[in-house]
Amino acid sequence: MHISDGVLSLPVVAAGWIITVALLVITLRWGERDKSIAEQIPKLSIMTGAFFVASLIHVSVGPTSVHLILNGLLGVVLGVLSYPAMFIGLTLQALLFQHGGLTVLGVNTMIMGVPGLISYAVFKTGYKRNISLTALGALCGALATVLAVILLAVVLVTTGEEFVAVAKLAAVAHVPIMIVEAIVTGFVVAYLAKVKPELLPVDLGDKR
Amino acid sequence: MTKEAVSIRDLNYSYPDGTVALEDINITIEEGERIAIIGQNGAGKTTLFLHLNGTIKSCDNNVVIFGKDIGQMKSKERIEKVGVVFQDPDDQLFMPTIFDDVAFGPINMGLDEDEVERRVRSALATVGLTGFEDRVPHHLSYGQKKRAALAAVLSMEPRILVLDEPTANLDPMNRASLIELINDLNRDKGITTIVAMHDVNAVSQLADRIYVLNKRMVAEGPPTEIFMDFDLLRENNLDAPDVFKLFSVLSCFGFNCESLPLSINEAVEVLTKTIEGDEKHVHLHIHEHTHEDLEVLMHRYDHHHG
Amino acid sequence: MTKEAVSIRDLNYSYPDGTVALEDINITIEEGERIAIIGQNGAGKTTLFLHLNGTIKSCDNNVVIFGKDIGQMKSKERIEKVGVVFQDPDDQLFMPTIFDDVAFGPINMGLDEDEVERRVRSALATVGLTGFEDRVPHHLSYGQKKRAALAAVLSMEPRILVLDEPTANLDPMNRASLIELINDLNRDKGITTIVAMHDVNAVSQLADRIYVLNKRMVAEGPPTEIFMDFDLLRENNLDAPDVFKLFSVLSCFGFNCESLPLSINEAVEVLTKTIEGDEKHVHLHIHEHTHEDLEVLMHRYDHHHG
Amino acid sequence: MDYPEIDRYASLDSPIHRFDPRAKIITFVLLLISFVFVQKISVAFLALLFSLLLLLVSKLPIRFILKRVQIVLIFVLPLLIIMPLTVKGTELFSVFGISATREGLWYASLIVIRSMAAVILILTMLGSMRFDTTIKALYTLKAPKTLVQMLMFTYRYIFVIIDEFLSMWRAMSAKGFNPRTNMYGLSVMGNMVGMLIVKSYERGERVYQAMISRGYTGNPKTRTAFAMRRTDYVLSAIFVGIAILVHINTVMM
């Protein structure tokens, strides 16, 4: 659901860049609390690569096939640094595969990245309330998709009333994707909890 | 009469970018044989294996397994006939538990729960991993992972077992036990085994017949014959087993035996037999041509001038 | 008097989760030595290597390189002293082009552009990859990647070169040329080389002295001594080289030589010398204890009962 | 899954290939920004023609371009159907009681033309230099260091991870796995994604160690031998001129 170049209006594109640049600055600063960013770059980059490759996986839904988005999972695993990771991932998608555009990178990163950040917060909060990790994962997967679709719709409609119907259609088209994302994210979180719990932003020490 | 397990006729395959991977491959393997396919990196071993169980489909119906074109088989039949164990166990174990990984094939075959359960237990017992059902594959040692990957294929109870580099990176104990295990499967269950190997020192322990692959099948024959052919080895960047080389050296010193041994065990046999047959002793001596012969021999085994 | 290149005293290290990785390690390596560290998977080789160049810092100042505590060294000095080549070349070729990868160390050392350029050319020439400057790592073969990773360390011109499994997964030609290359660096440039290896058949070609690691240093000595010690090998799940085993077998048939050879080349020497020294011939014969001795020997080499 | 071969034809020779990478990036991005906000169909069409002209000059194979343009078309072409039917305005024609409007068609056409011009520009720019050159040019252009480094390392390891993914996929197919969109199929996919993440995390640790042991300080430099020549300045001036002209034109009309 990445928007291509040439679709959005100048004010929307500019607003997208302002928000994304601000969030990049904030998240990169924040990500430096415990460890310098230089130390984290190699691991962060390679994991961004893993998410990039995972997002190339096709899942057939009815007659068409969709790509995994995994922005909720990205938020859960990478925390605040999911935002720069998303920015890099989308840059590479635009440059290497023409999924989405260059001028709209700010907007696209916001559409995908903000729900990722929210998923991270939800995951941490939900864990404190003793919700099962798998369910939380599924919730974050679904939530991140829904939020992304809402943001997409807002961005389109802000560009022009002409997009109202398009935005509605896009929202409907994403219902199956939301379900797929929820299930896959749930399973990934369950897998990570079992195999590499330190990748989740919660301390499983007492629950394992 | 034994049955033909594998029959490949004039198989050609190119990668999507046009590079030729396999050219004019012809193979016939009888049921119950132990085969090794040797060849350097990039010789096409993996591609050939993927044809063997129909993961890559040839358009010309030229891969025939037990008399039936593999292209015509349903997925279940295909994987029941040929099981492929790849080299890196990390690529093959992706489920949260060993049980799930070993059950993966049987579940895809559509077997019922009890049968899946039975097969998992039996496969794990075969490879010596009973009790590991709930362990996380990723946390196992390399040797254990290697055996788990084998169990995950054995649970499909294939008639033909294909293994890519089964002994690579294993320590001596794990290597010895894996070789024994593969041979047991061949002997006790009559499974046809096909291995691809770099480690020529272990080849003779796992194969009675060798194919040398280098995009084409450049040679075929029993190990001793293959390792005798210096030019063949040189051209295909292959080595002879150390024991074999050493007996070639001994023969320069006048040691004569019927056929050169390929492993330590064979060497002991050959030595005992030769010495006993030769009135309880053998002379090693330096004759007229010894130094010359040695020089030629060592030059042939030297890979720097390859 | 030669200088001490490496001196480690009472080194202990545990992983963050509490598992002990290294215990009471004591090592002294003289400048210019060729050392092999052998041990099964998980014996702690990688952890030890990370201490050697200060990537993991010990708190007790017990890793001393050329007389100086590595914990006190600046980054530049550290990497100039000790270069580590890890096993998987993909982990070490992280830059966009081979040039950038080989230049990575020198640039971090703060060298000027001309010197960086000179070192890159020289390192690439040493490993035989001249002309590969602008290639991307993804398009190299495994053997080329392995050599590029070595070049990326050589460009820092370290006095001590540490290599983790330099020959693993290489075909005979690449293995032979890499072994030759490492030995050239030792002989011509006086670089102290420390290798970790599984492949005991190649160990003697790369080391004059062996440490056996199993969290602790369980043994130390020249290869022949180490491989003679059956119990040591058994306990640490190690194998002896095939050539060595075969000469043990020959000794059961009455072949006597001063020290058992470890490689084919040594074997030729030993045979020639022994036979020439023994009035141009040697008797192999079955004596009273031959069969008995053979049985004991073969049982000792059999890893199934380990 | 294919490797990202965006720079497959970077070794061709053309004025665009020879254009200084830094100047190329700046001027093409300027053209891009200029073209995507054009408000008149006629001007947008001219912009598209100009993009096509650059493409023609670059000698990049048409098949390479088509395959990639297609991806954008899948996204924007539906607008040509949806918008005329949903946007209010002057009726153009009507079928079965559903009417299509001139405004809808106009707006959708504008978007399609602009995005075509944009994607062709981007493909011409990226297709005519190696991707590592693009990254290095961004470095020398003082793009934020952290982000450029991430871009560089991520790009490098995409190839390694794709290989890992393909090996896993082969092993799964060899065990009769059929990717279906049901609970089981998605659970397997979830595990596979999980495994990719775990492997990458561990590789990240190893790569970091390898970097530290070669003196990594957080600022890897790379070699660049960029040099602006006279033709580079001329080309740049022309491109910047066109980027501005497109909008002066709009304002004046």
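Things worth noting here:
Residue numbering begins at 1 within each chain, and the chains themselves are lettered A, B, C and D in the order written.
In this section, a residue touches a chain if its C-beta (ideal position, glycine included) is under 8 Å from a C-beta of that chain, and two chains touch if they have at least 3 such contacts.
Everything numeric here is computed off the predicted structure, so don't read it as measured data.
The busiest chain interface, judged by C-beta pairs in contact, is A-D.
Distance between chain centres (mean CA atoms), subunit A to subunit D: 19 Å. Subunit C and subunit D have CA centres that are 46 Å apart. Centre-to-centre separation of subunit B and subunit D, using mean CA positions: 45 Å. Between the CA-based centres of subunit B and subunit C the separation comes to 28 Å, rounded to the whole angstrom.
Each of the following residues of subunit B touches two or more other chains: 96, 138. The residues of subunit D that reach two or more other chains are 131, 152-153, 155, 157, 160, 191-192, 194-195, 198-199, 203, 207, 211, 216-217, listed in rising order.
In subunit A, the residues that reach two or more other chains under the touch definition are 42, 190-191, 195-196.
Across the assembly, chains come into contact as A-B, A-D, B-C, B-D, C-D. Residue ranges on subunit C touching subunit D, taken from their complex, read 50, 53, 55, 75-76, 78-79, 83-84, 86, 88, 90-97, 99-100, 103-105, 107-109, 136-138, 152-153, 156. Across the complex, subunit D meets subunit C through its residues 3, 130-132, 135-136, 152-153, 155-157, 159-160, 203, 206-207, 209-217, 220-223. Within the complex formed with subunit A, the subunit D residues making contact are 1, 4, 6, 29, 32-33, 35-37, 68-69, 71-72, 75-76, 78-79, 82-83, 85-87, 103-104, 107, 111, 113-119, 122-123, 126, 131, 134, 144, 146-147, 149-155, 157-158, 160-162, 165, 179-181, 183, 186-187, 189-201, 203-205, 207-208, 211, 216-219.
Considering their complex, residues 164, 167-168, 170-178, 184, 188, 191-192, 194-195, 198-199 of subunit D touch subunit B. Here subunit A touches subunit B in the complex through residues 190-191, 194-196, going by the rule given at the top.
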